[in-house]
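After this come two complexes, each holding subunit A, first together with subunit B and then together with subunit C.
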Partner chain A sequence: MQETTPAPRNPTVSEKLRRLIISQEGVLFLIMLASVLFLATRTDKFLTVDNLLQQGRFMTEIGLIAIPMTYIIITGGIDLSVGSILGLAAIVLGWTWQELGFPLELAIITAIISGTVAGFVNGLFIVRVGVPPLIMTLATLALYRGLAEGISEARSARGYPEWFFQLGQGEFLGIPTQLWLLIFAVIIFGIVLARTRLGRALYAIGNNETGARFSGLTVNRHLLFIYTFSGFMSAVAGYIFVSRVSTTRSDMGTGMELDVIAAVVLGGTSIFGGAGSVPGTIIGVVLIQLLKNGLVLAGVTSDATIVVIGSVLIFAILVNNFIQSRRGEG
Partner chain B sequence: MTDALLELRGIDKRFPGVRALKDAQFDVRPGEVHALIGENGAGKSTLIKIVSGVYQPDSGEIMLDGAQVEFGNPRESHSAGIATIYQELGLYPELSVAENIFMGHAPTRKRLGFNTIDWEAMEAEAEALLAELNIHNLDVGAMVGTLNVGNRQRVEIAKALSLDARILIMDEPTAALTESDVEQLFSIVRLLRERGVSIIYISHRLNEVFELADRVTVLRDGEYIGTKNVAETDEAELISMMVGRTIKNLFPKQAAHIGEVVLEARKLNRPPLTRDISFSVRAGEIVGLAGLVGSGRSETAQVIFGVLPAESGEIRLNGQAVRITRPSEAVDYGIGYVPEDRGHQGLIREMTIRENTSMAVLESVSSRSFISRAKERALANGAIRQLSIRATGPDQIANKLSGGNQQKVVVSKWLASSPKLLIMDEPTRGIDVGAKAEIHRLMSRLAAQDGLAILMISSELPEILAMSDRILVMREGRLVGEFTREEATQENIAHAMMSEEARQAAGAAL
Partner chain C sequence: MNKTLAITLILALFLALVVMPLSADGHERWDGSDELDVNPLECMGAEMMDDDGDMEEMDMPEYDGGMVAMGDSMAGMDIVVVDVPKLIGIGYFAATTLGQQQAAEELGNVSVSTDGPTDANIDDQIQIIDSYITQGVDGILFAANDPVAIAPVLRKALEAGIHVVGYDANSEPDAREWFVNQAEFNGIGKALIDSLVSQKGEDASFGIVTSTFTTPNQARWVSEMWAYADKCFPDLDWLETLEAQEDAGLSFQQAQTLINKYGEDLDGIIALTSVATPASADAVNQADVCEDVAVTGLGLPNAMRPYISSGCVQEVYLWNPVDLGYAAVYILRAVIDGEFQPGDSSVMAGRLGELMVVNGSEVLLGPPFAFTAENVDDFDF
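For the complex of A and B:
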């Protein structure tokens, strides 16, 4: 029985390349490339630097929220309240500044703290009371939106000073300011998920929560953290949103949770937990944004656009399943 | 062979990176018990999964009643009269005992013109089946997830019986059972044999082979080594057929210097299965915890490990009173726990060997928060070498390992954590003779050299007797006996464990 363990072999470069291409991210990237090329032939307004940068601006909020959503779905959870938290944070920002007379800097901080607390409350109930994430965040989806509406009393805040728009409308080195933030976040949190103990724990929890617990991982602490993180990122996205559109309204971010979840799942994160990656998610975000934009530019109606996006989603999932089952065998 | 009911010839089966079976053969005669033995990863489970239609062979043929057959899926094998109890239990934890037993073939009755499940009939039939197995204290309405491993196994057996099988395959059915449960199981097996059912029986316990089987076939490295009549062979011959060498000492226990008290439990309470438990384990000492399945041994271990925190009582570690409310705290205090249910509690089966062996020691394979894959790989390779884990490498998914090799991964995960107190719940379940001796040697050495305190739960009395410095016996959630190594005998331990059952039998007769 000594001779039975073959020496571990290092994969060759071509093997590595093959593995990368048939990985979920690889396939998705190819789908994205194909879509871009196709859309570019339909309209010449699509494949221009200006348009693409503009799309980068639009997708930042969804992208930022999709990062913690990836973490959450990897653990087998879900957060439906992100759109409402975004709206709540936006309203708190405008209200504390305009009604309560906070300095704008303080209003921003207050908004981000409110969102973080909202996420923390989600996590607390999920971990301590044992409410399933779907139920808990469905409840707070309504609750936080209601809160936002109550605070705003249907008034919108506007008239922000010029510096406030730098983040949402400005540029840095020729690239939309908020896109820098997204790139930065993707790199940092992508590495955190792939390389650190936190990331490992999330995968372990998603695959087998009991096993993770029995291994001495602090499951509850990790779950509490990711829901809080989700609240934080949604609030940051809320701030960027307000800065981008120059005004605050209580319906901001309505329905956004579905866009975010669609991007995450499209990016190869398993809705059952245990598998997924930040690069995959970000490709999902980009793909959806480009399809939306390109199809509109090509003159496709918005109803038809939704159908196309839905079809791409299903196609990507089928491809993913195929890859997974192949991996199961080989 | 003309008198064979089932015959396999020239079976080949490859998995990526391994050839699980090479030109393997096997046959079963009507009404015989045919044991299938071999080391962990020898290909036993693979062979029976080919019979049960889970896998299809790459080449080779299967003959049933002299005619060639192909089983494309488990259903086809079922309908040919072959029932299988797999090594990894395959029940639905959210469903009741009765529902699990009749999964896929529930009794129906017409209601409003529709075929609907006849719940009453199902429960009644389930009870009848369990009664046939001499099981009277299992509620057919109970959720399977709430049962312990031993009882889940009984449900599996009842499920297989419900299929009216001609051939019953059992892959390590006794791994989770205590001696008395094993006896019960054996009487069922003998009963079935008398009814003409053929039984394929996989086990790592050679004494069972001798007690039960008519013939025995040995596999090694996926190859057919030979078939013997049990009456014409002996243990030494079978071991050398299995491992290709002889193993002298199965229980290499070293004398250890017994040091300070490491764990002291004082009146630990968590009813119903942990009541008023007080005991201690010293450095360098191996304390065996014996008892029937369901006597509260695992539950007591889980009280100490923080899975089921104590409602009252005190845990002292190295003289300090500590509060342990979750496993992560136990791990921080230097406690390790090899749990009884490896698939669910012990392993993250979807993850690699590397990720599993480092799971309890992530801190020590990381710098700052970053996990070093190189350190992890070194750790996993060490475990693979130390316990001869049959794997394609550290990055193999745990799920793809044979059952015994999965168990070895769980053991190495906790050895890697270099605990002060190691609680081992059935540590050598499903592990072959060679690796078992290796794990015993390791336990002994860690206790003797590093002063590790070990609390070992085992349903195998020879293991308890040979490895323990002191033996505790539990019954109905209470400690009912304590024996020194010198005092302990098979008889007095079994007696202490079993008098509960005697009382129960007396109670049932009233």
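For the complex of A and C:
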């Protein structure tokens, strides 16, 4: 993103603004703004603090998983098993608590550890055995879901104590509790990607993995880390999900991987690797959630809504490609 | 070091995979059943006709439904109602929607629209209901994808003064006011096992095709079938329960799996979703084993007509989903008009007449209904 200019001079404010607007995130942000304004004119129930905060609650799980997914797609990989890891972590939480009699705190930690291990196993096979990420995580998509169904024997765990729901259903300083977690994660991991050696290494791997290896980057260790991180975040999202819906089921998170990948790609991350950002991803997550909610409020039925979301996805990518290619020429 | 760790992890994972199915105990209930109490009915031939109703009245439990927040009375006024089924785009819920529209038309002061997830996803359903609460409707009808997960959002509706009535699949009782029970679980369990026994005898071997092991209705039916078979036909041989979501292609494959895996040993298939029953009949038909394998289960007449007419399938069971949707709208209207209150033992529902209250806050639609070659042409849904 950052180009070194031969003669260092401070860009004027208008130049800065222009650069910001025609950036990937800028274009997407304008599309989001236009959608919000349009929806707000269709119904007065949409642009209210209560409704927007409620949407923040609903999008937290997808938002949390979308961060490591951005990292992974930037390196040219993919993780299809995130929804299954979410389901596995949820089941481990309920099962260790209800069947094995763990204290609930320990059950939560066990659940997050199992999700992390699940991500680690993905990474291990990808870097040690050289299985392509698509194949490996497609396999574990089925495997982890099967484990979840096997462990739970397809029974759900219910009847959690009141404090457990604080994270998923409560609020802190007037904002849904889990939304704080998402905001915190976005800031931290956004900075990690944009401003640290780790972040630059991920872009380098995505642009040219062989090159990155020859420049002495520990590519394997980086890849192992991001797949493990993905498992960890999916498990945390699983915990939040259980706390929000107050039950565990082995089919939790089914199909979620596609929602996450759609948000990441909509956010301007290149599926071929090498480009993308956390702010872009979050705009993608927010845009999809607001469209889903706003269209229902405006009286569009939910089957038509998914058609609109698909169209917006294509439109946003086309507009972005058009503007980026013009910028490249100019 | 790293390698040792890796190998240990992989071994542990696969060990867990292999051991888990083995640990299942042979005396457990059939796969796909839940752990709730069962209440099998009297065996075939031993029961008196229509003794059901009297038994219910003997010990009627207290009303255990929820209470709506006080608001302005909407009695007699026009109301806007949204119906959120488990999913949209399948024949079954198209039929409940049809019944709702018929009721709305008869009543004249109700407008109902149906909106729901395109697959049976708990979170999508919750978000859709939440959006309609924000939009501000007068009543919500629902068929829950999960009884617990849907409860918080329904309670939010009650707190907002919105009346809530469930049908087809229940939630926790205090999260809604009334639930229209299409058929009691033990009634269905008995009907399906009796159907199998009357076709293939008391020592038949059979498999079950269900939606998923966690779907509340299907899990209850499997439990009640198990309890009834255990009590009345202990020689029945249950082979396997297979999951097929509510997906036609997958149901077909699962039925084929049963046919190929058990071959001659398979006497019957019991299919528990409106999608799995025609798919199983199709699989049996294509494998040309109509004579050897009896298909029974829950099915919609339109989808089952070809197989029933050709004689490949003798009978399938269901309630009338059009009546189910119809009753839900009448009950919601009666609740809003103050004509149907906690403690009442029955409610009037238009052309269906008087429906009885059971289990505290449920309204029973009636006994299961058999679709056979004689009557299947009388129905269109």
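Annotations
The working rule: the second predicted complex is superposed on the first by the 321 of 330 C-alpha atoms of A that agree within 3 Å, B and C clash if a C-alpha of one lies under 4 Å from a C-alpha of the other, contacts with A are read in each partner's own complex, and residues count from 1 in each chain.
Keep in mind that, in the parts below, a contact is a pair of C-beta atoms (placed from the backbone, for glycine too) under 8 Å apart; a residue touches a chain by one contact, two chains touch by 3 or more.
Small disclaimer: the values here were computed from a predicted structure and weren't measured.
In the superposition on chain A, contact of A:Val308 is made with neither subunit B nor subunit C.
After overlaying the two complexes on the shared chain, residue contacts for A:Val131 are found with neither subunit B nor subunit C. Shared-chain residue A:Val319: touches no atom of subunit B or subunit C.
Of the two partner chains, subunit C is the only one touched by A:Val117; subunit B is not. More residues of subunit A are in touch with C than with the other of subunit B and subunit C. Looking at the shared chain after the overlay, A:Leu53 reaches neither subunit B nor subunit C. In the superposed model, A:Glu153 makes contact with subunit C only, not with subunit B.
When the two complexes are overlaid on their common chain A, residue A:Val36 makes contact with neither subunit B nor subunit C. In the superposition on chain A, no residue of subunit A contacts both subunit B and subunit C. Taken together, the subunit B residues at the contact with subunit A in this complex read 16-17, 39, 41, 221, 243-244, 307, 326-328, 330-332, 337, 339, 344-351, 355, 359-360, 362-363, 366, 369-371, 377, 381, 384-385, 388-395, 413, 434. The part of subunit A that touches subunit B in the complex is made up of residues 1-2, 4-6, 8-9, 192, 195-198, 200-201, 203-204, 207-208, 210-218, 220, 274, 329-330. Here subunit C touches subunit A in the complex through residues 3, 6, 9-10, 13, 16-17, 20-21, 24, 31-32, 34-35, 88-89, 113, 115-119, 121-124, 126-128, 130-132, 134-136, 146, 148-149, 151-152, 212-214, 219, going by the rule given at the top. Looking at the complex, you find that subunit A touches subunit C at residues 43, 45, 48, 50-51, 54, 58, 117, 120-121, 124, 128, 143, 146-147, 149-151, 153-156, 158, 169, 241, 245-247, 249-252, 254-255, 292-293, 296-297, 301-303, 306.
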